[in-house]
């Protein structure tokens, strides 16, 4: 995909691509192998703090959940771009997105939360951003995050 | 795989292949890329209504959970066939199935629920239907569904 | 990767590679297709009994969770080696690990539990063991296990 065009699209929406998540001792933010890229689970962070901590149906509103999903997707794109050498040039398309939503047992609007991620990715990447998706509830996520997002993408070999 | 043979097998079991799930604005029911197909999370539906809503260990019986898993697998096959041009011809095998089971904390029979899907897929597709599987509990699923199923398959390139 | 070297590394750490999980009627412990291998969800077992049953934040301590994650990763490696013909020779690298942690809603240390798996795999396989990872909480797992681990690997075609 055209790196400049994607960055322009983000600028138009007044969105800054966050720095890629740092590599941690035990695992990598994104692994590229052949024509596939696997992005590690992303939790929406803001200045080093978890965005909207808590569970949907309890402390976190639907709008906050949507916002967290959107932000996690943005971080995933940043991790992907970094793993592809600092450009979206080799990105072909997004294949699969799984959205884990911290939620109380009575919550049923996981798709609305996940749309925060899906619609954002399609908005930024166009048709190449459309993906197969799963959205499920979970009782708790790392650091008390409301959403964790896992992304798989198709890429051109280096 | 032989499309007619699979449809015959379904007919023998008196099972109708449901229409493929419609594409939704934000994401796709199935993405095919190279030799892989990713099916979006499937929730068992019947005439537009969630089948057996609720949680295992509470409102939903084991038999109902098995039935929902089986139906979700059938829907996944329908999504896959549609994405492959309306035929199973290009389907090589099922690779991975993840079954999320809405369950109370004391529930431990996720494998029995997931067998509803695994045994069904093997019954319809034979050895090519056998897959790596994960079954996990979740507190809640979209629309109050008891089961959500995610499937990955190997396909021949178009 | 060098099979003997990996076995030596395990011996140095006084770890015995457990026998691969048996194939079950409905699904397979590991499916290899082209350059990818999908390992079925692994639950840490010890002599046929679930290791440290229960939930994190309740009956299971952090150290026990770490131990279960580590053991589940070891079992995944055993399943992988078996599916590759009884040797790690064709293993190229680990791509993705998902760690489902049975936990109470207030639990937030899923990454610490998952590190039990990630650090172990990196310790045994070196840089080729580093992977994209997701760690999420779940209310319950098969047989009351505290951890279920799903692994995807890159392999050389046979």
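By letter and in written order, the chains are A, B and C; residue numbering begins at 1 in each of them.
One rule holds for everything that comes next: a residue touches a chain if its C-beta (ideal position, glycine included) is under 8 Å from a C-beta of that chain, and two chains touch if they have at least 3 such contacts.
None of these values were measured; they are calculated from a predicted model.
Trainee: How would the chain A/chain C interface be labelled, same or different, where same requires over half of its residue numbers to be shared?
Mentor: Counting shared over all numbers used gives less than one half: different.
Trainee: Determine how many degrees of rotation, between 0 and 180 and to the nearest 5, align the Cα atoms of chain A with the equivalent atoms in chain B.
Mentor: To map chain A onto chain B, rotate by about 120 degrees.
Trainee: Cα centroid separation between chain A and chain C, in whole Å?
Mentor: 25
Trainee: Spell out, as numbers or ranges, the residues of chain C touching 2 or more other chains.
Mentor: 36, 98, 138-139
Trainee: Can you tell me which positions in chain B touch chain A when the two form their complex?
Mentor: Residues 25-31, 33-34, 36, 38-41, 55, 98, 100, 102, 138-144, 148, 150.
Trainee: Tell me, which parts of chain C touch chain A in their complex?
Mentor: Interface residues on the chain C side: 35-36, 92-93, 95-98, 103-111, 115, 118-119, 122, 130-139, 152, 154.
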